[in-house]
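One chain, chain A, links the two complexes that follow: it is found with chain B in the first and with chain C in the second.
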Partner chain A sequence: MTDKFNPYLFKYAYGVLLRSFSKNLFIFITLTLLVALLSATLFLSSSIKNEYTTRVSNQADIIITNQKAMQYRTFNLNQLQRVLNIEGVKSARGRLYGAYYFEKADKKLNIIALDEFESYSNRLLDETNTELEGASMILSAQAKNLLEEYYYKEYFNFIKENGSLRKVPIKGILKSKDIQKRENLILMRSELFRDIFDMDEREISDISVTVSNPDEVAFIAQKLEEIFPNAKIALKKDTLVVYERSYNLKSGFFLSIFIVSFFTFFIIIYDKLSGVSSHEKKEIGVLKALGWRVRDVLEAKFYEALLLSLGAYILGTFLALLYVYLFNGAILLDIFLSQNDTLHHVAISFTPSIASMILVFLLSVPPYIFATIIPSWRVATTDADEVMR
Partner chain B sequence: MTFIKLLFTLSLTVQLFANSEISNAIKEKQIYPMGKKIHTSRCPSLDISKFKTYEALLSAIKEKHICSNLNTKHSEALSIYLWDKQVKKQVKELPKITITKDEKCQVCGMYLHYYPTWVSQINYPKGETYKFDGIKDMMKFYFNNKEGIVDIFVQDYYSLKTLNAHDAYYVLGSDVLGPMGNELIAFKDKKSAKVFFFDHRGKKLLSFDELTAPMVHNLDR
Partner chain C sequence: MIELKHISKYYEKNIKALDDVNLSFKEGELIVLKGVSGSGKSTILSLIAGLTKPSRGEVIVDTKHISKLADHFISLYRRENIGFVFQRYNLIPSLSVKENILLPLLPMKLKKEELERRVVEVTELFKIADKKESLVKNLSGGEQQRVAIARSNVNSPKIILADEPTANLDETLSLEFIAMIEELKSKNRTIIIATHDPLFFNLAFVDRVVNIKQGKIV
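Right, the complex of A and B next:
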């Protein structure tokens, strides 16, 4: 006999699977669910991590937020100039943003004010492919839908602090995929923003600082602390560490639970295959008596296990992708992210990582095959006569 | 009457010095980038040679709208940028020192791409270049091979821009350590060198010509 693939053995294995259908179906469903859950968790965790890192890497080196009596306060331009005068600061930008409470809908409209000639804002504007002109605004798709529900199709009336109305025409919608997902975002010019919220011409929300030399960031942060003793100073490096710390703890906890459940599963499988196999032992004995060699028996068993576990793996991975993409990881995501997490307000762009797929494959398919083959190998090597007795 | 006169002269002097009040740092970090952006995006062909004073330029931009419709902040940024560019005659910036993955320091043999902010360079005629993972190693090399050097480049600590080593100022013995420990750290001018000197507890602040071989070797002790 040659070493070639034997379709009859494969057919036989398929027949065996169908013969004890209910038992195999149980194993198949359990394995599928385990694979689906484990890969969904891994997909989610890798995409959350991706999201964090890209967000943090886009962030400025240092962000300073003003506080007074531990309450959020604005900065003014003089304070921004003090930051700019520090040696080693490459650029410092006074950012202007906030939220408008849309009472009828009980929703927050997040507003970012832009200056078209600042280097940062252009990136946002480039993504929208529209130009901010005068007193108009650009909406994200979500904000547009929200306003349309309340029949604001061409303009929106902001209620100012003194009770008067400010009518702002809607210029366009954000085209970029990334921003589109952001909840209720509005872009407008800083002059308009200041008018709506009755802000001083010199007021800014916070200051973002970039530093040329990475070695100097910590020292500049220290200097800023001396200049603004009450302000909150967030370093890019620290932010990433905080994210990772809070998040790694949860994902590690989850992963260990899954590993435990996998082990339990294999203990059950092993138990089943080595304990209840008096019937199968007889079967192997008959096969050997018919003239099958040990390797033929093992090959048939291998196909049997491969069909079952590979099928379960493929179906499980498919289910996981479906869950993550179509349902955005509905319940699992809530376990990973705390309620006040910033990522909660943003749809995460999922990136299924090949590495985690391979990991799940190695955890599910080969162990199942070994758990099936080893006991039958033990039976197959003993004498057929002895087995059947 | 005299009071009003006094007030008038006061306001005049304030107006006169209004522009020069803005520090160089703010101009370089905030106003010039913005002005440049307005200039290139709105009116790249604007000819400013016909304006005699800064004020004339500013009022033309602000009131006559010679460069589209700009608000006060933007017109000021544009006019400061254009005026200073014309007056100062921009110095050509030296290209950044580039490093490949397999380049090593000529003195200590360490890989350079781990320490991009510390790299310095010596050029010889016929395109021979030597790179070092710090100015200390570069100076050790320099004192032994002074003949025929064409260019010496170092990086400004704060901005990481390439400087001609002869024009730079150096702080020795500070608490900032390079890949080879104690370092000479270069600055584009004396002012920023002084800031660093006090911030980071430097021991000496010298120009290139004041550096000597024993001083450099003492850093290793």
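Right, the complex of A and C next:
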């Protein structure tokens, strides 16, 4: 390849781009924006998909939530024991979580009792490097900012059900980047949680169940339904379906972006394919008359298209990475994950998707190069005499 | 050296440009093809340069059957043998004089020093050395003509073809061009000029004037 590279033709191609500067700048900016938009959408999309798959795979086989008259209720330890007594149940754990309504700010503070949510909360704590001691709490950055707005910098006063105050010192801030941006989250010990919400030691928010034999999940769920006829029993695979449904709905939006981007892109391609301008045509004819072979003309055209499209691809991808990983996909991610979204209260960890980069590359650079080369090839293979007339 | 055997050329809609033309040119000859516009003289130049193919007949240059060569080899033949001066110069206005002159050499991947040497040689020969870096669009008609001739000579071709070279020049500039042609003739180049400019018909160094009328030699 090295001995085939002709630096003079490359320089000539670069000069051609500069000669039609405004036209090429317009194409370059349009291509860059299309690549950036598509890449950002694909990066976000694959991160979300990755997140819900990971979350579901870490989830217990069955989650039981108590309901009465279709209203949420807590379970008690006796009920937990009944679950444990079912044959085939490997383990059953009571979880403790909820939300505190911060009236002054008209905002909800999501609270997780740490010892009950081992995998998730420990993951957050590992990133924070903070020990949660006794009656203290750890906040997400967003929760911290919210409390600071109301001058709670070192502690916060929770108003308990009986109207009394419970002052809780702030021990640390969660370091997880995604959590920081996304939610008002508080981690605390279960004793403190129970005190604030006036829950006795036997109350739990829901029950997570692990089954010894995966093939028996449906059977165990049936048993649970018999024991708790009014409870909501969510299977792991059902949760996946809920996530997927929610995600697929958002994918409609993604699809729209995709279609609009490619519609715009193919207008450019169509314009290119519909032929070269009379000025370009004449230039190709002159070059042929001066002894350029068809392959010399095409090589110069290749460099011209490569410089423009690859430049736009690299810049577009860089902008998309910057937008997704530095600015956490502001706006686009909010559209993907609305406030009511099942995934809204999870930490989205962004991982660069090489497959997405390759896909966008294949959809942008080669089509543009072909769209530039094909009409030039048509002209270059016509009699130079005819082309120059 | 150059032979046109029974050449006929038809363009679209059966427009006949040449009709059974037989013509030969010797090495180092200066020949003027004389005729009105549309007589077919430019077509003869295009056939010799391999810019178009005859509908019938053969073009032979140094025993090579030009009209039968594939496009790739015709380009190589042109690159090595032909220098073409077009009627409207066919320069690229937004490029400098030097860049225009270098165009025929770009695919050859010569060394930078060699390119520079050739540019210096032709720009000095055709007296445009001081305009080397100027953009062609800023040059006068006469200067552009000199750039076109310099470009056609940068590959040291054996054959120089000029199509109505003085059509856009006044008499003074036309005489300047004629002086340049005489200089090239002295270097034993084969020169074929298609023109209807009477200035060329009685020049002492012109070997032959060929009359062409409605696609035939008369």
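Going forward, the second predicted complex is superposed on the first by the 279 of 389 C-alpha atoms of A that agree within 3 Å, B and C clash if a C-alpha of one lies under 4 Å from a C-alpha of the other, contacts with A are read in each partner's own complex, and residues count from 1 in each chain.
By definition in this document, a residue touches a chain if its C-beta (ideal position, glycine included) is under 8 Å from a C-beta of that chain, and two chains touch if they have at least 3 such contacts.
These numbers were taken from a predicted model, which means no experiment stands behind them.
Looking at the shared chain after the overlay, A:Arg19 reaches chain C, while chain B stays out of its contact range. By the touch criterion stated above, A:Gly291 is placed in contact with chain C alone, chain B being left untouched. Of the two partner chains placed by superposition, only chain B is touched by A:Glu87; chain C is not.
When the two structures are aligned on the shared chain, A:Thr264 is found in touch with neither chain B nor chain C. In the superposition on chain A, A:Asn157 makes contact with neither chain B nor chain C. Once chain A of one complex is fitted onto chain A of the other, the partner contacts of A:Glu386 are limited to chain C, with no touch recorded for chain B.
Contact with chain B, but none with chain C, is seen for A:Phe219 once the two complexes are overlaid on the shared chain.
Touch criterion not met for A:Ser256: it reaches neither chain B nor chain C.
Once chain A of one complex is fitted onto chain A of the other, the partner contacts of A:Leu9 are limited to chain C, with no touch recorded for chain B.
Chain B makes touch with chain A in their complex at residues 23, 25-26, 29-30, 33-34, 37-38, 41, 71, 74, 77, 117, 157-160, 176, 192, 195-196, 199-200.
Interface residues of chain A, counted against chain C in their complex, comprise 6, 8-9, 12, 15, 19, 282-283, 286-296, 381, 383-386, 388.
Note for the complex: chain C touches chain A at residues 46, 49, 51-53, 71-72, 75-76, 78-80, 82, 84, 86, 90, 92, 94-95, 99, 102-107, 109, 151, 155.
Across the interface of their complex, chain B is touched by residues 81, 84-92, 117-119, 122, 191, 212-216, 219, 223 of chain A.
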